[in-house]
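Input: structures, listed below.
In the two complexes below, subunit A is the common chain; its partner is subunit B in one and subunit C in the other.
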Partner chain A sequence: MTKVAVLLAAPGLFEQAAFGNAIVLGVLALAAVAGFYCAKNEIWRQALGEVFRRRKLSVLVLGIYVLLALADSISWVGGGEAGADAVQAHEARSLVDRWFEGTTEKSYSAPLGVAEFYDKTPLQRPRAHLLGTNILGQDVLYMTVKGARVALLIGGLTSLIAIPLALFFGLVAGYFGGRIDDIVFFVMSTLASMPGILLLIALIMVLGQSTFSVCMALGVTSWVSFCRLARGETMKLRELDYVAAARALGASHAAILWRHILPNLLHLVVISFVLLFSSLVLAEATLSWLGIGVRGSWGNMIAQAKDELSRDPIIWWNVTAAGVAVFVLLLCVNRIGDALRDVLDPRTLGEGR
Partner chain B sequence: MSAVLDVSKLMTSFPAGKKRVPVLADVTFSLAAGRCLALVGESGSGKSMTALSILRLVPRPGQIDAGSVTLSGRDLLTLPVPEMRSVRGREIAMIFQEPMTSLNPVVSVGEQVVEAIVLHEKVSKQAARERSVELFRRVGIPDPGARVHSFPHQLSGGLKQRVMIAMALALRPRVLLADEPTTALDVTVQAQILELLRELQAESETAILLITHDFGVVNQLADDIAVMYAGRIVESGSRTAILESPSHPYTRGLLAALPGRARAGERLQEIPGRMPAPADVPVGCPFAPRCPEAIADCGAWTARLTKLDKREVACLRREEAGGAS
Partner chain C sequence: MLAYIVRRLAYGVLVVLGVLLFLFMLFFAITSPDDIARKSVGEKAPPRVIEQWKHVHGYDRPLWPGPDHMTDNLFVDHFRRMLTLDLGKSDADSVPIARRIREGAGPSLLLTVPMFALGLLLGIGVSLFVALFRESYIDRAGVLVSVLLMSIPMLLYIIFGQFLLSKVLRWFPLSGFDDDPVVVGRFLALPVLIAVASSLGSSVRFYRTVFVEEIYKDYVRTARAKGAGELHVLRDHVLRNALIPILTDVVMTIPFLFTGSLLLEAAFGIPGLGSMVVDAINANDFSTLRAMVFLGSLLFIVGQVLTDISYTIVDPRIRLE
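So, the complex of A and B:
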């Protein structure tokens, strides 16, 4: 009862916890739907099986990132250690937060160090910080693991905003052509002609600085290139014989778009998702460096390195951990995307392998 | 014998600059249940455009300017769009020339037939699936129960064309438009497909409009023939009448050019010149510049079909001869 009362009394905290858990549920539901669809559809089953065969390591590493991000999204209030302060006791903390409970030191310490980096006082937990601690004494491994959630959230949520938007306008413009195409193309050209970073900064200023507004801003600025691709591909598909055949069978425009054009664009969607995803993670790092990114992201850790790298002796572990985390994630995503592109290319689709 | 499909004075045109160039001019024919009419002509003579005009699927910016297409008493050209959509596939179905590209590559062929069925009939997917297996059996696809799960790339050209036919026949349409159904297939498969079409026609009383430039195909399937030249029908009549005693100079030229009629070692006959593009069709009889029998008056004569014993011909010379005798 007290727990419920606390949750109701602190709507902000409740929302925070609910948001994270909703994401977990959403991701799991999406994965289930996608898995079910792929298992039913022979082409996708073959393609994904082939990607897994070719890129076992990348898929595995990406899986670890996803698991860490999910672990950091499952959160609830209470159950903290004895001695935690009052604020902490009422905060929703995730699984990852709980794993690294009470690891905070006073300030910098080197990886596996036994003492504070500057004043040489002994650490509370010597040799326990695999990647050292940062300026606030937080475990760098902990921050790096937490960054995975932010990166995947930025990449995933933004793609979920940008790709449906781009796909819808691309399909409509490409299929119907004429005046609709003119309007969509005008909007695309206008957006494409504005300097991306300036537009991003302006949008974030207007929307306010939160994870969601950063995703919105990135989504608005990044849908154009895929929209153009989808439009061009639709224009090509529209002229194909099976579309003509479907019309001769009495299919409506909506049915043709949904059943005949969209499924033939799906390989493009998957590939664009992968490419967009990695560019978005990088874009967020840029925004963090400019100070308008998302809290707790790898970009933030890299931004801190502005000062740390100019010290003597330099603090290298913070930026290195974040850099390696970004690099490995993007490398895996790109390698998987590369394999997907090979496998899903319509020209090689269905050929005996 | 009452006509299922009546096409009358159909005019379709495309814009060229400020003018509109007709690609079909006064196309008139009728098709009775259980009969097969072959539209014969060179590439660009307007055969396929006739079929697309009947379905009101003329690609933009082309449009139908005048005429009527009457299907069992209803004028299709004035029908509202949703009703026209329910005519397509359900009452008039079409088979395309290229079975290779006329099937959606990412959907199994069975599903595509199912889709055609549920588009027009309120039946459960399960019932539609059973019907598609039955259809596959009817069009002679071996092992239909397994084949419905195949994707187009796993089937041969002949099988794909059978799937297209199954799809077209799924709703027992009254009229089947077959646009060069065998052109992309090799000869033995061609014969099988024609045999299949003939059987299905005998079973279901479907009227077939066969579009082709192949007289061999015409000979195997057609009851009647209409010869098209430059967007006009220049001669029409029963198969025997046209093939055995062609009347229009163009039809005669076409038949004389058949390799089967030439003697060994002799050069094949040809019609001099080439068919004019729609924008360059001359005034008067469109065939006059290439016609071996043309006289000066042909250039000023408005081509029209006139009855001449068992056929209709659009030729001034025949009209004069017919009138004189």
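So, the complex of A and C:
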């Protein structure tokens, strides 16, 4: 057990940029593959086309976020003006890192400022920081852009943990019923009875504080509701005639689950993923504020406002940039989620008629 | 009926035991007492210091039951103490956790109860209004504003609300708490306002769905066919029937009123249970966190069992399922 904890808490492997990059690129590749298969299927093509027609602007803005995350996930070692810093020379830097190469100042400076905010020492690059710089002198626009990758990493990694888990147990419990269902239902009611945020904090404190353990904790607390949905839907599908027909034709349980029940749950997977994503970004912001979030997230930038807004004169650009970034992303995701739900599943989840 | 109640109670007890088992795995098996000790006294502390810390905080016994220590181990001890509500002492400063919870519950409830009641009333009111104008511009605008409100993290509501309303406009005190009921109202006004604003979006959307779903049912058409006016239909038919799913949702949140609000309490300096948890995080106080998770689950499970039983008394159909 202790070994498991050490493995999970070990920051080495999971904190490396390559691991995060692999997750982000993997999620995007998965989305691309899913999109390819959807385009071949008439029903999905029509449904997604309808969502796109209804939410052109949201899809476009979301696309920009995804491109930024992608640009920050493609990284390699060397090149550029790396000679200045021996440590930096051995670190993989992404396209975004290279674009903002050498923009770091000494401390705070206002948007498009010419001098440091408090010291009044002239900046190395006056009027170059569109959104100013933060306490470490990092360009705020740069940090905000980098936040897109972190948000996608949190959402992607957590979904990769939570959704397969929920889908597997939901399918098995709903399809076989009996003892298996009893056990799965018991585990779900046990987890659901613990206050979400407290359970989240407890898990992170126990697993140690790293990107992976935050996602792990978010996964543990968020798979239950989707599992319950998948279980209920499977129970309904199990009773339908075509399942009985498949069984009469001699199809195995695995084949029925894979070929006849799972495809009928996929629309729920898509909707849950989108709804889950926005709740994860919100939860991460709360965790950041409590000091146990993910490094480099927008939540972290917002949390810095605790000091920055009580300074005199105040530092408003850091929190505003991150806040707007979160708000616009969540707005797009929520709008797309609503449209997806309307189009794909007006019945079981029918909100926003 | 009696058989159902007994079965439901037994299942509730089973879930409590499940929660305790989960907490034991989390706080004793995955993080060993050595880990907890090291987090408190420092990573590089000599073994003697760690042993002493474990002794002082009662972690210096075997983890699992064994041949020569069937009852004197942490596993049995964890279950026995939690089930008798003996929550033990804080890992950080050795204050009894039960006393701290008694002290913190009052301020937490002072914040969460008004916030809950006001949020519920406003949510139902606004969503009824929106449902009255369903499929019109008012409805669409209402849904859009709800989504806008939902997309802002509560953190931003707190940061900007506190900054704008207390610091710039000076309408409210910045933060603090007082035992005087009149003074405390001034301190609690802003956190309550912020909580209501941040939860309004999602609650309006949820209640609106419930109302609109109810409006399209046959009995509503019958009522209209009899010549009832729109307001009369909404108030006497739709609202009454929609209250069932809304109540189910509301009852689920009541137990969590006790555990307070972490963000609000910490931001506004309210000495409730939420602040206690924030302090516990900063001090690596595992025993307080453990006790809070257990207490929250216990309240939730008790609430759920009571709701289920009262449902069967009100609506006999449920028992048959």
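Just so we're on the same page, the second predicted complex is superposed on the first by the 315 of 353 C-alpha atoms of A that agree within 3 Å, B and C clash if a C-alpha of one lies under 4 Å from a C-alpha of the other, contacts with A are read in each partner's own complex, and residues count from 1 in each chain.
Note that in this section a contact is a pair of C-beta atoms (placed from the backbone, for glycine too) under 8 Å apart; a residue touches a chain by one contact, two chains touch by 3 or more.
The shown structure was predicted, so the numbers you read here are calculated from the model rather than taken from an experiment.
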First, second, both or neither for A:A245, with subunit B first and subunit C second: first
Subunit B versus subunit C as contact partner of A:L330, first or second or both or neither: second
Touching partner for A:I302 - first (subunit B), second (subunit C), both, neither: second
First, second, both or neither for A:E42, with subunit B first and subunit C second: first
Larger contact residue set on subunit A - subunit B or subunit C: C
First (subunit B), second (subunit C), both or neither touched by A:L57: neither
First, second, both or neither for A:A254, with subunit B first and subunit C second: neither
Subunit B/subunit C common contact set on subunit A: 350
Subunit A residues touching subunit B - in the complex, by the definition given at the top: 42-43, 240-242, 244-252, 255, 259-260, 263-264, 266, 346, 349-350
Contacting residues of subunit B [partner subunit A, same complex]: 55, 57, 85-90, 93-94, 96, 98, 101-108, 115-116, 119-120, 151, 153-154, 164, 167-168, 177
Touching residues on subunit C, where the partner in the complex is subunit A: 14-15, 18-19, 22-23, 26-27, 29-32, 35, 143, 147-148, 150-156, 159-160, 163, 167, 205-206, 209, 212-213, 256, 259, 262-263, 266, 277-278, 281-282, 284, 286, 289-290, 292-293, 296-297, 300-301, 304
Interfacial residue positions of subunit A with respect to subunit C in the complex: 1-2, 4-5, 186-187, 189-191, 193-195, 197-199, 201-203, 205-207, 278, 281-282, 285-286, 289-292, 299, 302-303, 305-306, 309, 314, 319, 323, 326-327, 330-331, 334-335, 338, 350-353
